[in-house]
Amino acid sequence: MATIKADKVLPLYRDMLRIRGFEGKATKLYEQGVLPGFLHSSVGQEAVPVGVSAHLNKDDYITSNHRGHGHVLAKGMDPVRMFAELYARTTGYNRGRGGSMHIMDFSLGIVGANGIVGAGVPIAAGAGLSFQVRQTQQVAVSYFGDGAVNSGAFHEGMNLAAIWSLPVVFVCENNFYAESVPQAYASRVGIAERAAAYGIPGVMVDGNDLFAVYDAAKTAIERARAGEGPTLLECQTFRWSGHFVGDPGVYRSKEEVEEWKLKDPVPRVRTWLESHGVKAGELDALEAEVVQEMDSAAERGAEGPKPDPSTATQDVYAPEGVAQA
Amino acid sequence: MRQILMREALREALFEEMRRDDRVVVFGEDIADPMGGSYKVTLGLSTEFGPLRVRNTPISEAAIVGAAVGAAITGLRPVAEIMYMDFLGISMDQLVNQAAKIRFMSGGQVSVPLVIRCQGGPGRASAAQHAQMLEAWFAHVPGLQIVMPSNPADGKALLKAAIRSDNPVIFFEYNGLYNVRGDVPEPEEDVVEPIGVAKVAREGSDITIVAWAGMTRMALQAAEQLQEEDGVQAEVVDLRTVSPWDKETVLRSFSKTKAMVVAHQAVRQGGVGAEIAATVYEEMLDQVDVEIGRVGAKFSPTPFAPELETQIVPGKAEIVQAVRDVLSRTARAVRR
Amino acid sequence: MRQILMREALREALFEEMRRDDRVVVFGEDIADPMGGSYKVTLGLSTEFGPLRVRNTPISEAAIVGAAVGAAITGLRPVAEIMYMDFLGISMDQLVNQAAKIRFMSGGQVSVPLVIRCQGGPGRASAAQHAQMLEAWFAHVPGLQIVMPSNPADGKALLKAAIRSDNPVIFFEYNGLYNVRGDVPEPEEDVVEPIGVAKVAREGSDITIVAWAGMTRMALQAAEQLQEEDGVQAEVVDLRTVSPWDKETVLRSFSKTKAMVVAHQAVRQGGVGAEIAATVYEEMLDQVDVEIGRVGAKFSPTPFAPELETQIVPGKAEIVQAVRDVLSRTARAVRR
Amino acid sequence: MATIKADKVLPLYRDMLRIRGFEGKATKLYEQGVLPGFLHSSVGQEAVPVGVSAHLNKDDYITSNHRGHGHVLAKGMDPVRMFAELYARTTGYNRGRGGSMHIMDFSLGIVGANGIVGAGVPIAAGAGLSFQVRQTQQVAVSYFGDGAVNSGAFHEGMNLAAIWSLPVVFVCENNFYAESVPQAYASRVGIAERAAAYGIPGVMVDGNDLFAVYDAAKTAIERARAGEGPTLLECQTFRWSGHFVGDPGVYRSKEEVEEWKLKDPVPRVRTWLESHGVKAGELDALEAEVVQEMDSAAERGAEGPKPDPSTATQDVYAPEGVAQA
């Protein structure tokens, strides 16, 4: 924790709690059968998006994947409208059209969760191209899992970002499994090592250590903003739940899961905060407050109206006017 | 006869064919034990046949199909799985430019005996990227065969046929059928149904409903409802193979009923229904007194919200409605 | 009016739109100078607009379209090139699951103003992987627009419209038209034609021929021949946009001629002709006295040998034949 | 030239001459306008397929690309039937259905030239899978250019071959251009360096040095046969002609082309042979004989009948019989 100021840690801790709280609540609701579709929980991986987003501005962009709640919360999404989307209500971010796997908010630079593994990589490169062409200081962050790095889209997108020195940071959440397939089965090498194939920096950090992620992301994002091109950042972490809510996860041993739970990223930050003078009571209150926030967000999300069936085919095409420059 | 689930029937076909023929290999994402496939259709295969013949793959849909092509033209009979039909776009080049064309381009030197199994389809609030029916793309590609069974017995018998076929087959399993139970002959009988042959799934005299996969099931339910509520006898032709499709059976049924609805879950515009309807008009215009009903999804991606999804994707109710529309127009046509 | 080649007309559109709107960027394989594109359509662009706005890419068709999507939703108006239509299979996922659906999935938050230019088509002994017409795949995908011009003036005016459109457009340039010369208005006039509107390219009263891209040109030639040899007045409807297609213009023409041939170079089975024919039957069955002729490629990959290619892929001769077949059946139908 | 015996060099020299002779003759015919379609010449790159094929048996397989004449000649194709295919005659390898870009002979393990850049990589992996499953000693060689390594198919196919330790050798003919695009523009790193991303050996050799190619291919192919998995072999070479016959090649300087012509792989072998006691007269005779062979092959190729139009739709599907195990 070389570079972060102590007073900045508390809000980050809060962000981590909020992700865990959101996922916990959403999981519970899903298990109760009130949320349609699929749900992928990111519990255990909270340090990654929080450590990365600490360096992002509102006008920076992110692409996400199927396990996107943490990414988008850390980028600033409102849990009320997220829950509303999970409930498929018109008050949701996507007006109930997208759901968990496609949650988007362009006003926050959130290009969207994505149901296609790997697809966000070239899209992030394209966002980087925009910033480069318009000569802004924006960056694009692309989040994906260890499973995505074996897709052609990953390869093509990484290479394009590299040769054009685009302002993109590729953040791989290596949680060691893609559904049931171990990372070490699907590739002979580590994720960060793949950066060498594109001539860009590849950095591996403990993704359960907020400070490590924070530092590595800072370097990578500053590098991107400075026009020095992309970085591949591998954050080693673990998903506590099954691949989706309901997956018993028979492909992992209990011991492995338990071992990772001991490396829980959340209490590590709490311990640090306590040792830096934050009172336990204050932290307890914060934790309670977040649980409260998510309960209430879920409730308010559920209050939104269901879409009017007559609007089903809206927004397939943009209206064609006389376009102006 | 014993009754088993669609997923069990398909699994039996894989076991039986792997036992029968050493050249059959199976690979895809998460298909090996202990996962045994996202929908458990391959459960137990890797345990029985071992890691040489049954393998998990990385998330590499182009390579899955490419490797299947390479294996097929060098003596194996790969059955590769693409987890969702929606992901076939990633494999498209290998499917269309390689698998479908190698035999032809080689001047007939070699065949490409592979099967691509995939599942998916609407009806589960899976949103726009996990609910598509894309058979029309592949029906437009010479060299491919597209098999889409509607019940456990056909699922098993046609998967066996697909594995034994010397041609590349896309074998599509509609997710909504996995837990459907049906009569399936005993393994010893080794029943294999021919690819390219439709089946009259229900006899009727008033109108023909042409459907496949999940829509056949809904067509049968629609036919029941029509019988009860309208006294209409609908004949249901289960196409089973979408390419090459069985024109004769369809035309034979039409020449009996003189009215038709063709129904699919895929988008209506440019769907396979257009080809079938156009063909019936072309071949039997003399006998077409009333427009053929074409049921398909509205021109939109699939929405997440269940209320909207049912608006976009047709089901039993839309088939019933289409039949009623056709028959009411018939009445008018007759009056004219 | 001045006459220029199709390739020049398209090139002018790119220059004019890049000058007009800073957000327009162009990238693709070999598109930068000195190469200026495999068919020279982008020649000079990188020299005038520089390497920020005009770039070569690696051979990465998925990333080309993916980057276009990312650029389009963040404020640019990319015009990306895929060298051959045949290679769109590699880009399929990004086109279909991303470009076409993002607007809808987002609930209308954003539009995806990109253009994918590609060329190709049969007629040059380019064999099975460099001669396909694949518009039917994309016409089945809600959210995409498919533009296929047949002459230099439309090429220019529609490419300008495609670039200004807020929707993702696949802009297809039939290779056999690049060296066709035609009247094109001066740049100052800034002519833009609307997407989705067909044009009656030749008036006639006896039969309607619906076609697009290269087939429109052949249809016009066929119409001339039919007039000379048979005294038949064929009306040619140039569809120009294949999706969304202009039903009204087609139906209006049919209600005048009461006979129709729809012709494309793409494979007949599952081609766009099936959708158009099925729609005409559906909407105007009362007026259909004779089967609609559907001209398309035989169900086969494209062979290398020129003798075989002309067997598989239809041209002017097949259109003439189809018109004669339809009209001879009309005569019989009238006699009946 | 550590491992090859002197008496084995003469036949390899002859193979190189035959490739050059074939390409020269085909180019001339194409320029005369008697060959339909496209033509891509491999003149300048002859050492690569000859050095590789020296270690291949008849039942080994190759996948090739659009620039495939050298690959398939070195694997044993008969120039008469090749010319017949270029002329689109029924006596051609593909009965006139394929042409230069799809030339195949499965009896020689030639899976085919390919019009889709990169597509041969996963197909070769699939062939390797066959050999591994059937536990034969066969190998598959996949030839492709520097342009192909940026395709998703390359990445996915390489990775699959690596994790399954398939008996495949990936041979990249790095001729420094993909059509007009320089290799150094399209990627920040060299080709062989990409092997690191898959955890397999990456070897770079002078592709204009037959002996260097021979040695490196020997190691890689032996490794594959021994079940130790794939190798990525980068052979640096140059195409003398434009991308296709007729391409003026404006994107390369005259000097660059001339410089590479000085590194012509053919006379390098001739010099070696002469210094190892082969008489100049014998070599002159061989060269004349090969020119003769190709002239006559082209003539005989042209004699084949054109396909009967009524056979156009043959062989789209294999006949469906009752398949047997």
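A, B, C and D are the chain letters, set down in written order, and residue numbers restart from 1 in every chain.
The rule we apply is simple: a contact is a pair of C-beta atoms (placed from the backbone, for glycine too) under 8 Å apart; a residue touches a chain by one contact, two chains touch by 3 or more.
Because the structure is a prediction, the values reported are computed rather than measured.
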item: Maximum centroid distance from chain A, chain identifier (CA atoms); value: D
item: Contact-richer chain pair (by C-beta pairs counted) among A-C and A-B; value: A-C
item: Interchain centroid distance [CA atoms averaged], chain B/chain D, Å; value: 40
item: Approximate Å spacing (C-alpha centroids) for the pair chain C, chain D; value: 36
item: Two or more partner chains touched - positions in chain B; value: 57-58, 60-63, 86-87, 90, 93, 97, 104-105, 127-129, 142-143, 299-301, 303
item: Contacts with 2+ other chains: residues of chain A; value: 94, 96-98, 102, 114-116, 150-153, 156, 159, 163, 185-187, 316
item: Contacting residues of chain B [partner chain D, same complex]; value: 20-23, 25, 52-53, 55, 57-58, 60-63, 65-76, 78, 93-94, 97-98, 102-111, 113, 142-143, 145, 164-167, 194-196
item: Complex contacts: residues of chain A adjacent to chain D; value: 150-156, 159, 162-163, 185-189, 193-194, 196-200
item: Touching residues (chain side chain C, partner chain D) in the complex; value: 29-30, 32, 34-35, 38, 56-63, 86-87, 90, 124-130, 298-301, 303-308, 310-312
item: Contact set on chain A toward chain C in their complex; value: 61, 63, 92-98, 102, 104-107, 111-112, 114-116, 119, 121-134, 140, 152-153, 156-157, 159-160, 163-164, 314-320, 322-323, 325
item: Chain D to chain C touching residues, read off their complex; value: 36-38, 88-89, 94, 96-99, 101-102, 114-118, 147-148, 150-153, 178-181, 185-187, 250-251, 306-307, 309-313, 316
